[in-house]
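The structures considered in this document are given below.
Same chain, two partners: subunit A is paired with subunit B first, then with subunit C.
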Partner chain A sequence: MVYFHESVCISPQKSFPDMDLSEVRESENNLLDVIEPNYPGIPAGAKRRMGKSVRMAVGAALPLLEKYPLPDGIIIATANGGMEDCIKFLNQILEYKEGLLTPANFVQSTSNAAAGQIAMVTKNHQYNTTHVHRGLAFENALMDVVMLIEENKDAGYLLGSTDEISPYNYNIDRLAGWYANEYIANRNLYHSKAKGTIAGEGTFMVWVNGEAQGASARLVAIKTLHGEDVSSLQETLKRFLSENISSGQMPDILITGENGDERQQPYFDAVESTMDARVTVARFKHLSGEYCTASSFALWLSIQIIQSGTLPAVLIKKRGSSNASRQILIYNNYRGLQHSFMLVSAP
Partner chain B sequence: METAELKLQVKQQIIKFLNLTTVKPEDIKDDEPLFGEGLGLDSIDSIELIVLLSREYGINIQDPKEGRKILTDINTMVAYIEKNRTK
Partner chain C sequence: MGLISAIGDSMEQNRLALQQERSGIGDIQYYQTAYAGRLPSAEVKISTERLNKKIFGTPLASITRTSLLALYAVEEAIQDSHLSKQELISAETALVGATTVGGMCLTDELYHDALAKENGTSYLMSYDYASISLAIQERYGIGGEISTINTACSSSANAILYGARLIRHGFAKRAIVGGAESLAKFTINGFNALNILSSQPCAPFDRDRKGLNLGEGAAFLVLEREEDCRDKRKYAYLSGFGNRNDAYHPSSNSPDGEGPYLSMKAALENSGLAAEEISYINAHGTGTENNDETESRAMLRLFDQTPAFSSTKSFTGHTLGAAGAIEAVYSIMNIFHQEVYPSLSFRHPIPETGLIPVLHFAKQEIRHVMSNSFGFGGNCSTLIFFKNIVHGLFS
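Right, the complex of A and B next:
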């Protein structure tokens, strides 16, 4: 069994140090950027060199590692790593004709910079891995932790995700049609009927081990799927539910990564239609924006919901007859190609 | 360019190259050590400063020992720039 204990989230909403979704922060120019804290725990010399995604990851990891100072591994998911530093470094190569280049942008741009910096700041020499499978980076990191805990029952791990908005990369993705050309306010995200969505970013860190005592939530199962076929997705979901939920039962809440992009709506509709009237349907991308590891924001929300027993009204799309919030199914898809289901329950 | 003007420019360039977001040019004293005490720069910063001298002033430092003397403080940097700059 895999249990989630304390978690930290830095997001475009008020999530650090505690969740407060009483007011939704609005997007600007189709971007939802994070509310960054001051990161008092990061040494000043290191902080000034860090790009945003690395800074967010280290800043979120340090409060957890104060409480759990000896992780048996640090497992981080990031699809793009320090994208802005990467762009700066590539521009330097062009500007200075592959001549004299400075090291900081390169060092910070690598995908494993976040996991490496967390290890260096906390002097941790254990297992250290970064998963970079685009829209399934976080799910792969989580599966890595699941396998590690199966092999090491007494071990504890820092699991996290981090991705940042890079203005340069945002423009490339917008030109490719992944972000909307017209202005969309996040409060109107699901009514936009646009091709494309709004961009987001964020960091999530959680302490994971095999102990139920003191846990906030439990991972029941996780499943990933590559493909564009809606019926295959629905079949996979039915099989996933039959394998992990008692016959005739449904999760209390479905949280989907619906993002207002009309091209991806058939997948969300298919998953929603598999649920029955008991299930409350919720969604989160109007709070986080779209990014490769956004499913980790949904997991953080799920942990908060299970722990508090309350589903914030701002998330609800359709209220079901079940008032419980003990078991939550998260469905996310990235660009209609990379799909994941995570089933989380009370410990 | 006057020495005082060049000193201000070098301080601004150091702040920009090293991303010293909380430091202002007037916070950097001309005779204050750049490394260890003072600004508290480290070895990675020294590489950034050597790149700065090359890009902005056309000065290529080959000998690390020479680099350490040049990068002692603002006075030593500016004196070397005035004597050796090619742009």
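Right, the complex of A and C next:
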């Protein structure tokens, strides 16, 4: 069994050190950037050298590793790594016509820089890897941890995600049509009827092991899927539910990655329609914005909801008859191609 | 298995070059960079346009060289393992790809798209790392778990061990695993800024080594449980693997090679082997001052008597995200054909460590082969391959 213990989230909303969703921070120019703490744990010199995604990841990991200093592995998801450093280095290449360049941006931009820095700062020699599979990078990292715990029942792992939105990857994805060209306020995200959504970023870090004692939540199951066919998505969901929930039962809450992009809505509608009247439907992208590892923000929310027993009103799309918040199904889809289900319950 | 590298576009061509001690390192002919003719590199000897036509007939506008190299190697691996369409689309077939530069080989296009107000290029969806696995997934309709891993120069070693674990845990029945990399201004300039590119063909483990040469290529392997292989050809078993972190510096190994040592040790423990059972090591052996000395120290720490070893990067250059997979294929060829491939350009041992790699192609009895891949971020991984031999024949 896989249990989530303490977690840390740095997001565009008030999530660090504690969650406070009583007020929703508004997006600017179709973008939700994170509220960065000042990371007292990172030495000033090192902090200056770090790009945003690495800084967020190390800054979120350090407080957890104070409590759990000896992870048996560090497993990080990031689809893009240090995008800003990457383009800064490209800029050097072009500006100086491949002349004498400084390597700092190059080294910082590699996508394993976050996992590597966390290992370096905490002198951790254990299993260390970085999953980068676009919209399923986080789910794959979680799968990795599921297998690690099965391999080593007494071990504990640092699992995390980090992705930054720089002006550059924002622009590339905007040109590709994934961020809306017209202005959308995040409070109107689900009524925009636009092609495209708003951008976001964030970091999530969680301590995961096989122990129920002191846990905040349990991972019941995870399933990923590639494809654009709505009916096979629905079949996968039905099989997933029948394998993991006793027959006739439903999760208390469904949290979807609905993002206002009309092209992706059919998938969210299909998943929602598979639920019955008991299930409360919630959504989160108006808080986080869209990014490759945004499903990790939904997992963080789920852990908070299960632990506190309350579902923040700002997340609710449709209230179901179940008042419980013991079992949550997260469904996310990235660009209509990469789908994931994560079923989380009280420990 | 399937691979393409600077020394050939098939397993057979690669083997021939390794036997004939023919390196693929030379002047850059196809890729446009200011360093063409100045920094020797191991380029795959085919233009991107021709490769695109060869694979797609009508060239695809949105695909990058890295993905094309991957598709080329995957096709050979699929043919070689006789995977049927049914098997490919099965939910029990996983795909684990790896790369460090991804689609960023298109430096100029990426820069344009990062800043342009409108009129993006046709590559907008192809720059990221996942684009390589997704290109394969799309072409063959692979139906199971799909992943992409980037742990710098150990990426595809980690893809291989991740695929093996997916099978062990029952998340897949078979896994197509490997990596792809192409030459890029991004990496050429990055490694050059770090002063670790050699202006000569690299000389792994040599006293006077001057650095590494970048290379490009791709390799993919098909993994299955023994009981599912039936009458298929079995090249070798992946008998163990290790993944450890050096936790020392973002871009160089600790002086005594702690990460490399721990990674090799973890792989031995995972396979249940004693150090003296290793017949041969395909070393990481980049040819940089730092790697070769620290890797040597790690080998000396782990082995009472260092086994035969060499670095095939003296043939292929350092193919970064593809290196672990290319060298895994070579390691398996070592076992399957009972032969060792040399390190080229070696003259004098490093005085502090005194290790001498295999210097010439030779037929030799090989049972257990270790393959090392170490990268930036302290990421170190080791794979061990094995094949039973009874009286010189494969059981």
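Convention: the second predicted complex is superposed on the first by the 347 of 347 C-alpha atoms of A that agree within 3 Å, B and C clash if a C-alpha of one lies under 4 Å from a C-alpha of the other, contacts with A are read in each partner's own complex, and residues count from 1 in each chain.
FYI, contacts are C-beta pairs under 8 Å (C-beta built on N, C-alpha and C of every residue); 3 or more make two chains touch, one makes a residue touch a chain.
Model, not experiment: these values are computed from the prediction.
In the superposed model, A:R48 makes contact with subunit B only, not with subunit C.
Of the two partners subunit B and subunit C, more residues of subunit A are touched by C.
In the superposed model, A:L254 lies in contact with neither subunit B nor subunit C. In the superposition on chain A, A:S111 contacts subunit C only, with no contact to subunit B. Once chain A of one complex is fitted onto chain A of the other, the partner contacts of A:L136 are limited to subunit C, with no touch recorded for subunit B. Residue contacts after overlaying the shared chain place A:I172 against subunit C, while subunit B stays out of touching range.
In the superposed pair of complexes, A:A57 makes contact with neither subunit B nor subunit C.
By the document's definition of touching, both partners, subunit B and subunit C, reach A:T102.
Subunit A residues 100-103, 107 lie at the interface with subunit B in one structure and with subunit C in the other.
Residue ranges of subunit C in contact with subunit A, taken from their complex: 33-35, 100, 104, 107-108, 110-111, 113-116, 118-120, 124-125, 127-131, 133-134, 137, 142, 145-152, 158, 162, 165-166, 168-169, 171, 185-186, 188-190, 192-194, 243-251, 258-259, 262, 375-379.
Residue ranges of subunit A in contact with subunit B, taken from their complex: 45, 48-49, 96, 100-104, 107.
The touching residues of subunit A, counted against subunit C in their complex, run 74, 79-81, 86-87, 89-94, 97-103, 106-108, 110-113, 115-117, 119-120, 122-134, 136-137, 140, 143-144, 146-147, 150-151, 167-169, 171-173, 175-176, 224, 226, 337. By the touch criterion stated above, subunit B contacts subunit A in their complex at residues 17-21, 40, 42, 44, 47-48, 51, 54-55.
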